[in-house]
């Protein structure tokens, strides 16, 4: 954009190793999986070329479409929750400069926990019969809930668990963004007579947008491939109410050993994620200042 | 109703005392210009008035209200920041409109005002651009425009024209004056430009190290500076100072030249032995050799077009005379400088106070 | 060896053409000042010379080397940025030392040079502070000092003194000139200050919309401006322009006043019907009523101390005369302005070119 | 509204958030001191006689120290590589505003992790690296690097261009600008990205599943071992989780001062 | 039929890698590793993972035809046919003829289980344990509510109804509702109802017996199970029962330890096979087998471990850890008997397991190569019925359609 050619060359030299490293490591896996997805693979036998057969089968597979909608629903719900709450928590932390280090550290602790533990933990807490969550609800005189066992509530519940775990992560990223905003702009806004709420809406939020999009990108790549929590708690159930594409693909591949079809699912999912990321990187350019 | 009153106001940054204690009254609808050397606390004062800096001691009143603890947003002030502080994510239009929007001005009224200010400042072509895509002077004009569209109790301008060319600066100066007349608002203006200070101010406040040296109309501070600092600071090129001994019949300069002093002036010396003689460059004239003329060798000649500056050394000090371009001597020439003593100033050597 | 040569150089920002094609030669060791209205491309040119902006067309030579593709770090240039661009995380000392460090200057040599520059710029007291804790002018001086410690092939200064008071500015100006003389380096200087331009430049380059209007010594551009734009831009207050019709025996102004024109001047008109007459404020004088005197009503009087500016309207245009403070009329007075026609300039109405 | 009330309201909100975040964590930590059967007790037991049995069991049945060491080697290694490759890339992407290199590095995060298992196993077997730290560090760097890049991008974006340019004029090569100018200015960002990269690598188990062997198995891969038909060791699982979470939390605590430092920017004009 | 010149130390100095499931069976075996190494001089490298992870690793390693793993555990009832077809198991017949120790008694191992791991006449694995779903029930609660220990499925259902009316805080009956896990317990209902999964290569869920089983199983869970039972698998079931919140739990025999953890259920629990139905009592019995990888480069050394692990001496020791032995002779081991007699519940447990071994079959899901995939529609139908989303007829029809397609693909 605005560097001389010499400078530009030096800058390319800085980003090349990262790109090369990635390409070196992922070229083969992607190529191999694409290849597999074009074959019918029986375990132990020789793969038979099937053209787009796996993909065609996928488009006819009701479970695929079900998984697609679940994936998108869970994705949008979780992303929205996490961005909103993450920004809120970041603003709180940003404002509370004197908060003790221990509390500050503990507040980001959920995403430090291993996903398997988070899953198991919530499995117990949310058990409709003997879980602490329903016990608390009952103490509060509220109706119990079936949480993960209800086909209607399983996705919101999983989204809540994920939000509990990953909101601090978003908050951490947003907090960083908050700290690198130009301070003099706030003085100008105060002079211009803007209230707190309006400063937030008109100054902080737009200035923060690139950071928020970044957080959204980082969350999207994980959320669209939603796996751990569901795998540990419901394995796609009840019924297939939480059978995300990634869960479905995994089970096809590693539990039912349909490797060709699973590869097609994985390639499709990767393409979807790539699409989402591309859309968001464009958005990121749009909101840059 | 929008007079500004600073009472024994003090300000420190950590261990650094920037304002050791200032008392100042700015009247309603007055146009006050702050001048002073770089780092003397002008911006700090503006920021204190705006409410952006906490006060360490004393009181600040705007109108009748003590505003020490009033947040900036409630002070109804418009300000041009020395570093512009434009909103990087907003277009020029939005930058200028923001303050009005915050005050719920109707859309069309905003558009009208922004357009007018943009035309006055010659930035109407850039209304859709982000600040990033503007030149330094254009940014400064946006900052200016942001204040000019408003109708606040007080305007604060922190060197708002420093990056504009002379012509544009002249135009904008006129617009600001017109604004001051139309809106009848109190204005506080910081500038390093002598012309700006002299032409715009109702009163000039000269600061040094956070301390007020003199407050007065432009004519007062120019013609009757309170002390040598003010005399040296106001006027460009700067006033020439000579050490002089008081002798019978006048002042004797270090090189022996005797300048005859009128009886009335001599009385102000109050029996001092030595004084400082201050002479503005335009009050030194080239004249033929003779009594009262100081012979000097010309060091540097700076033709400015409209006049020419002639530099020479007298008694180890550089002096400068402003002469008509036609009279220009060449560097190395020996010329004789006459002093228009009736226009010269006398200062106490120790305190620097004007003797009058 | 450090001449700078711009050949048919062009530059766009997206759809905006900033430099439509410039040819310019800056000689080795020359002190060149760029002036021009805000937004005319001065900073862009400096940035191109520094290598910070890619060139869209044409060539740039520094010395004998085509540097179109040479990164800034290898051009051996020192630059003062219009927005300072100080390193926020470094102390003033480190800010100034950084460029020397990068060139592996020995520690003690760095300390020596930084200290000297800091003293010249009166920032020796702040060497340990971070830029954030400095006033605007102090920051600008640090930016200046960062360049002054260096000994590069070329110095580029982008309005380096705009935030300094007149006195300091005068001092620093002197230091820069001394530096230019000591280091014998090529210097390119952007300023809006007429005095700076006139006093420092070997040659002045006047730009408008990225196009060179005139290149010449200060005297040349002041006394023989190439066109009406240059004439209007150089000089402060700005030159007065009158529409005039060429009649036998002289020029007739719109209000009917006939100004007698010497035979020699009249010949330069080349039979034109109408021309523009340009008269600098100091070449308008108050005179008694009589032939060749334009009667005007005084609108505004601006006493600057050393002189007084008198504004009046002639034929719908504002004119300004610079008069001695003693002669000051009052606003509303009717006075007669005489034109020093031998000093006046004539321009072609359509092209603006000077007629000479 | 009064400043004081705003502050109180803030405090209240922080308390609410902290409780919501910390309640489950407290439940987990308490669980690690309960006998397994009591972890799932109903109603939940607040009062119990704490036991260290779970921790004892942990250290007796699993080579916990060895796994911790493996995790540390892999995580520190991949975090360093991630930062080493990612920081310059983020800097370049931010400066040029050309985003595709950053997008490319994210590719590995766009595919389900399981996609890589077999191909990488084949690849690293070919290289004779299965079961070595090297394979784990390299594959984990594919996770850490894009995080470092993307988290740092907004921080680099916040550095005024002219500061970088002035360093160029001062004779600084681009890599040196990164080192001397940009990095100090994005220190808080570096800290955030280092923490995040560390956590992600620390908690990632899928690649270790096939690329490590018994000797290089990571802590997180081992943590699954407490769940299973026939014996779900709830207490031990909670104890393991507590211990596993400790190193990243310690890291976060040690550097948290830096997290709130804010950028030093603000000393430039325009 | 001991091989002549068999020498335990023949492969001294070699290393074999054992991909082990970190379940109690694998753990008990691994505990004895020093004895094996001392006996043979072979180094045993243990690579342990939780079940799903182990499977994931195994699939990767075997698909890569890697020799990294020499020995692994698998469930013939689930993946045996698939692995055999893929050629991952080494044929053990040759070793059984030529390389067995004198005292190794193949016949003593449960014949059914060996048969389950035999494909095309080739023995591809030998059993490490026996297990199967059994009913854990609360004697005290049944008594309190006046419910006799059920002897038929109908009585079970009636008893559940009585329990429900008697104590609202306790779930009368609980078993697996989680889709992938449910076929394990459901199979017993199907078989006891007199049904079977497949006849003439057609899925039989809509047969009267199939519908009866689906209906009954889902009814029991829906009406008498705890809320959220649709997500229940072993961890929740054990916890629920242990907490005294279930009167009857139909769960794997392996869960004994979990259920007894904390000691609350030690004295009020009875254990029995699932009561008989119209089709009699055909309990499910399965077990983990140990196999040698076809890609191993140390097949014989690996076989040595396999042989050692399935030997009577070792299985006796594992039995003392609570691993139900696939060897009949272990039952008479005095140490084991003593262990059994320590607690009454252990006695009932081993009795139930004996019943399983004697009458049980190993069919869980469809006897086709894609057995794991075949479990999906079964679980799906059960989930839908528990959630009340379909009628039995609809659910079985949908499942049959999916399953017939799957069968047809073979």
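Going by the order they are written in, the chains are A, B, C, D and E; count residues from 1 in each one.
Going forward, contacts are C-beta pairs under 8 Å (C-beta built on N, C-alpha and C of every residue); 3 or more make two chains touch, one makes a residue touch a chain.
All figures in this text were calculated on a predicted structure; none of them were measured in a lab.
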Chains in contact with subunit B and also with subunit D, listed by label, are A, C
Sort the chain pairs by how many C-beta pairs are in contact and tell me the top one. A-D
I'd like the Å distance between the centres of subunit A and subunit E, where a centre is the mean of that chain's Cα atoms. 37
Can you check how far apart subunit A and subunit C are, centre to centre, with Cα atoms defining each centre and the answer in Å? 57
So how far apart, in whole Å, are subunit A and subunit D when each is placed at the average of its C-alpha atoms? 15
Using CA atom averages as chain centres, what separation in Å is found between subunit D and subunit E? 39
Do you know which subunit B residues sit against two or more other chains? 71, 82-83, 86, 136
Subunit E: positions in contact with at least two other chains: 56, 63, 235, 239, 243, 245
Multi-partner residues of subunit D (each touching 2 or more other chains): 40-42, 114, 118, 122, 168, 173-174, 224, 227, 263, 265-266, 268-270
Seen from subunit D, its contact residues with subunit E in the complex are 35-38, 40-42, 114, 117-118, 121-122, 125, 130-131, 209-210, 213-214, 217, 221, 224-225, 227-232
Going by the contact rule at the top, pick out the subunit B residues touching subunit A in the complex. 50-52, 71-74, 76-79, 81, 83, 85-90, 98-99, 102-103, 130, 132, 146
Which subunit C residues qualify as touching subunit A in the complex? 51-54, 68-72, 74
Residue set of subunit A touching subunit D in the complex reads 1-3, 7-8, 10-19, 21-23, 25-26, 28-30, 32-33, 88-89, 92-93, 95-97, 99, 101-117, 120-122, 124-125, 127, 129-132, 135, 164, 168-169, 172-173, 175-177, 179-184, 196, 210-211, 214, 217-218, 221-222, 225, 227, 246, 249-250, 253-254, 263, 266-267, 269-270, 273-274, 277-278, 281, 284-285, 288
Tell me, which parts of subunit D touch subunit C in their complex? 160, 162-163, 165-174, 176, 180-181, 184-185, 263-270
